[in-house]
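Both complexes shown next keep subunit A, but they swap its partner, so subunit B is in the first and subunit C is in the second.
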Partner chain A sequence: MTDTSMFGRILSSNIRECVVGYRTSESAIPPFGSMVRIPVSHAQQPEIYGLVTDIQIEEDGFLRQLATNDQVSEEVMLDARANRNVPVVLRILFIGYLENGNISHLLPPCPPLTLDNIYKCTNAEITAFTSFGNFGYIRHILKVTNVPPGELLAAHISQAAKAQFADNHFGWTERAINEVIYLMRDNYADLLAILGAIGDADISLDGEEEEQE
Partner chain B sequence: MPVNYLQLQSQIHILSDSILNQREKGKEALEKLTDQFKAAANLPDLAERVSAKLRENRGLSCALPREERIDSHISASDHSGEIVNILAADGSQINPSRHEEVSFGLINTAIFKMRMNGNEAPQIVTETKLLEREDDSLQEKLNNEANVGLFRDVEERRLLSREACKIPQGEPVVALTDGPLQLYYFQEPNTTENPLVNEYYKALAEMSEKKIITAGYTDRPRSTFVIDMLRLLMNSDPQDLRVKQTLVFDSNLFSRILLPGERSALFKLISPAVEQMPAVVQISFFYLNVGNNSRPMITRIEIPEWVSKDPAAIDLLHYSLLQQNGFISSNPYPYALHRAHECAVVQFSEKEHVKQLIIRELLSRGVTDLGKSAKQIAKDLFGTTYRDFEE
Partner chain C sequence: MTPAENIGFVIGGSLKEGLFVRLTVPAERIQEGAFVVIESNGLKFYGLVVNLSLKSYDPRYSQDLIAGRMSDKITTLLHNQTLFTEMEVLPVLMQNTGPELEDPNYDPNAVMDKSPMPVKTLPIHQAPVRLATEFDISEVFKPKEKNGFVIGTTREQGHPVHIDMDKFIQRSSGIFGATGTGKSYLTRMILAGLIQSKQAAVLVFDMHNEYAYGDISPDTDIKAPGLCEKMKKRVKSCALGASAKIAGNQPDFDLVLEYSDILPSDIEMLTRELNLRETTPATLSALVQSFGINKWFESFKNLTMGEGEGSVVDWARNNNVNEAAALSLYSKLERVFRLNYLVPKLTGPSSIVKIIDYLKNGYSVILSFGEYETDLDYLLVTNILTRKIREEWERMTNEYRNQGGVKPTPLVIALEEAHKLLNREMAGQTTFSTIAREMRKYFVTLLIIDQRPSQIYDEVMSQLGTRISGWLGDDEDIAAVLSGLSGRDSLRGMLARLQPKEEVLLLGYGVPMPIPIRSRRYDAQFWQEMLNEDELSATDKQKFREMIFDDF
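Our next item is the complex of A and B:
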């Protein structure tokens, strides 16, 4: 992922997550599980990292009327997407922060403020964050409640593996999965569900192994 | 409890009786009028007859037939795939209130522009104007809500004309406003002395020069111009003609004549107000059924003289309106007009914000005696208390 464009603003936030209003006319919706950053502009504040855990496309009565039509003209579709305040709301789970150049996998010390900008992460940012420490941020993902943790983890590992692979960091995926197995060792049922989801994801383990050889 | 529902109970019963009674009478009247309409359609020189009757009864308002038979029901040609620019204007207003901390009027106007078959996102143009208070006579007028409404109507047309005229020649332009083409809030008899009305005529004249297909769209019309024409033809008592009947409307009559998608014949609108308008902007109208087989929905479309003389323009307008209504087929209303309304409407919170901006500016200039009236304070207090109780 190399798109660094700002795609929305914070609507509400707490110490664990935030809700973002998405600007439909700006760029493609950041996919589920993708990493984002909130460069809090105020002095002494850290830059927060998070994952997209939900994308909600809301409706109003008028859109419902349009949707019941057999055909919707191209102009009406473009209008709905570019001009109308179509409520697209993203939920972001915080997984760590960057302060004074140091990465932390703890929750941020304070939440971002409303209307702060939010950006998609670059490959370099993803690699730097996910390579730091010993996968401490994965515990936040495993505790997510609004979506199945396995689905979110699979989406994240898929994105991060590609970024790591592109940066010649081999073996990252295997280490990440081992960490998940270690963290979930006492919860066999949920572990199987998570591994099942990871198994369904497009993760280039084979490619990594080939490259290592 | 602010409403005495116990008292209302018996009144609702009486009101329902009255509505049902009116409906029964309306049905009978509609039968008779339908027969009269069919008979009138076969009269030779119908327009001449109506004109003669109008000369005998000056000051009446009614429909005057144009070239088409009055019982015509006309389908639109297929213009699918053609590039057509659809523009719609709407406005909203904040009326000045002497009870607020600062009394101000504001008009917000929006133009919604869509280029059909151009595969482009529609464009929105909005203009917001605080009504200036330098002119004493204007200040006096601003105390009247109808005058703010008139400002708004004129502003809508002015902006519509400006944006419509920007479109390069060669591409057809349909420019829509909600409601009649006549200025709804304009009540003064002498049209030439009001600069606002002249501005309105100027906007229309500009659109006339560019051959812009201008139309006013009235949803659920309660007009009786055609029925009044029938009454004029059939009834010789001038006093009776001046009493407005409210049992049946033209829309009831045309819901029996027009199939879904069909328009009626074109009629010229005769009224004392229209007669004072310049010839090029005098008004004609037709009815259009935008409903379906099970539920006819009759709308009235007003067009100025230059459009009514151009059958191709009327046909394109007819097609475009059906297409626009088709975008919201469950509740037919032109999409562009609905969007213009969405873009123009000033929410209560926005009104409060504008007021706070003005107050802040005045405070920074040393004005300190800003306050609501005692009545407004009491109302606001009551509102708060009441909401608190509800919660």
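Our next item is the complex of A and C:
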């Protein structure tokens, strides 16, 4: 599977976020904080960008029975994981959209429809979106409530920094962290928590991962 | 000339409190007293940095040591945005620069007064702030006429700062500084500039014999030349007493006084020094009535202490004067009777007349007191001389104004150890306080040089136009130097924190705005520049031209 391949469909949505059912036949779940895009199926509708803010794997009735068995064979275990009755559910936070070739960091004008396809973003898409404007989309991330915003930011900056660095865009990480500090400096405790999370992600300010000591 | 780098932006302030500026450069690049410029909507504001404070967006950003908890780079980014320096600026002058060339409101034919004026409004929020360039300093301090004197340079960038000699002599001035701060060298430089400018004649009362032929610098052991050595054609040296010498040098002439030069008022001014009684004025009045105004001193001196004809007692009885009062005055005046430079009758022309003639003709005179170093000598001689000068300049001015005569040469009387003559007790009695208060209109002003300005009478201090002060340690002295000036609370710290040597604060009438500077060094280079002034002016002009062309 390539980065651009579809990995699921919309289950429910609103103007801020959506819930996605993950196709377990695909090889890898998009990681927490990774950037995704949803080409809305309506004509003339924008392509929405979002971040994975949660990944929920729920049990179905059959798994309860399996879990109580003393021995579960490898084949049964793989089958139960791949051919689930209840899909893996991803929660996506909207951070902007693309309309007529123009990027916007506002919330989308309307949510995607159910069963719309959702795709992972390529490095080029990540670079284009995160380089646009002046980090306006970060305000959406800082207002996320279902996960600690610092954790989400750290994961996003880590992914975006790699994409920027791969595209020879140096200094992006520093500007992004500066924007976070600017937006959060009134809230000492939360800012330090966010910077702590970014620090723990070992993100190099030059776009490369710092070497582990 | 490259555009000056912005150092911050205005974040608030008022005309009363001054402006608050958030620095965008490290605090160590800016010093208290720095001359800054703020440009805002066609106005240019000139101000002084009067305070720097370390601030934080939230106190916890400065109180918690977070270095080590996260990477150095993230810590640096956090500190860059949450910790900053706030600069307080005292706005002093503003200048209308008009719209820019590209501004639609620009009118090439508009006539606009572009001279700096006292600040009357404020720049807008977030107006950029920068350090003054050489052009800005020149715009504010360099007089339009050719009467500017480079007294020193700005401390940060070394741009030359001028004082307007024409304004400097229009009102009395003062040079202050604790001992060892280079006061007398600074005075010599200013006097040299004044003499060179030909704006005024100068009479220096030189108590320590250092202005005419120089002295050895206690710091460098190098001889610092005197004004007579370097400006022979324009400066005359005079020593008190017949055949007196000044530090081994033969003066141009000496000063000897006739008995008839002394008036009762001269004696009354010595009340404190001679510890005279309250009866003295009455006794002196009787003496004048008895012997005449020209002969009273000589005749009184010739009386004897005993009884009988020709004695003080006999004279007192015959003139209805209290005998004890007359005897007391006689005994107290014996210190004056014994002064060698007082003679019954001069054989040649009067030295006082000679001094006055030199001064009237634009020459400067340095009167050295030589071996006569007591307060009595200083008080008596300076009083007699200034009284006669005052009479002469008043006469010349009245002639000039009433009969269309020649305008008197402006005269500056330089007075060392001024507190001896201008302290609270003496000021009301000496001619100097009158000069400080009233003689400006008669073209005579004082240049007071002192290390204890707090000892000088407030009324005299308040009359001082230009004040130049080196470092002062005493709070009362600092308060005295700043008395009567606006923004003195802001300037107080600046004065107290001057470098003890070579840094001075310029204040008052002769400078458009207060500014701390690094004064020129009184050395061979100074004299080389002074004596080749025309050449220097040409160099200055060339530099100025280069600045302008580079700018465009």
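Keep this in mind: the second predicted complex is superposed on the first by the 197 of 213 C-alpha atoms of A that agree within 3 Å, B and C clash if a C-alpha of one lies under 4 Å from a C-alpha of the other, contacts with A are read in each partner's own complex, and residues count from 1 in each chain.
Please note the rule applied: a contact is a pair of C-beta atoms (placed from the backbone, for glycine too) under 8 Å apart; a residue touches a chain by one contact, two chains touch by 3 or more.
Just so you know, these numbers come straight off a predicted model, no measurement behind them.
Asker: Clash or fit: what happens to subunit B and subunit C when subunit A is overlaid?
Answerer: When both complexes are placed onto subunit A, subunit B and subunit C end up side by side without any clash.
Asker: After superposition on the shared chain, which partner residues are touched by A:L106: those of subunit B (first), subunit C (second), both, or neither?
Answerer: A:L106: touches no partner chain.
Asker: Given the touch rule stated above, what does A:L192 touch, subunit B (first), subunit C (second), both, or neither?
Answerer: second
Asker: Per the contact definition in the header, classify A:N178: touching subunit B only (first), subunit C only (second), both, or neither.
Answerer: second
Asker: Per the contact definition in the header, classify A:N83: touching subunit B only (first), subunit C only (second), both, or neither.
Answerer: A:N83: touches subunit B, not subunit C.
Asker: Using centres of C-alpha atoms, tell me the angle at subunit A that subunit B and subunit C span after the overlay, to the nearest 10°.
Answerer: The C-alpha centres give an angle of about 160 degrees at subunit A.
Asker: According to the stated criteria, A:A124 is in contact with first (subunit B), second (subunit C), both, or neither; which is it?
Answerer: Neither partner.
Asker: Minimum CA distance, subunit B versus subunit C, superposed model, integer angstrom?
Answerer: 47
Asker: Would you mind writing out the residues of subunit A in touch with subunit C in their complex?
Answerer: Where subunit A meets subunit C, its residues are 174, 177-178, 181-182, 185-186, 188, 191-192, 195-196, 198-199, 205, 210.
Asker: Taking the touch rule as given, give the residues of subunit C at its contact with subunit A in the complex, in rising order.
Answerer: By the definition above, subunit C touches subunit A via 57-58, 60-61, 66, 69-71, 73-74, 77-78, 80-82.
Asker: Can you tell me which positions in subunit A touch subunit B when the two form their complex?
Answerer: The contact residues of subunit A facing subunit B are 62, 65-66, 68-70, 72-76, 78-79, 81-84.
Asker: Could you list, by residue number, the parts of subunit B that touch subunit A in their complex?
Answerer: 114-122, 124, 323, 326-331, 335, 338-339, 342
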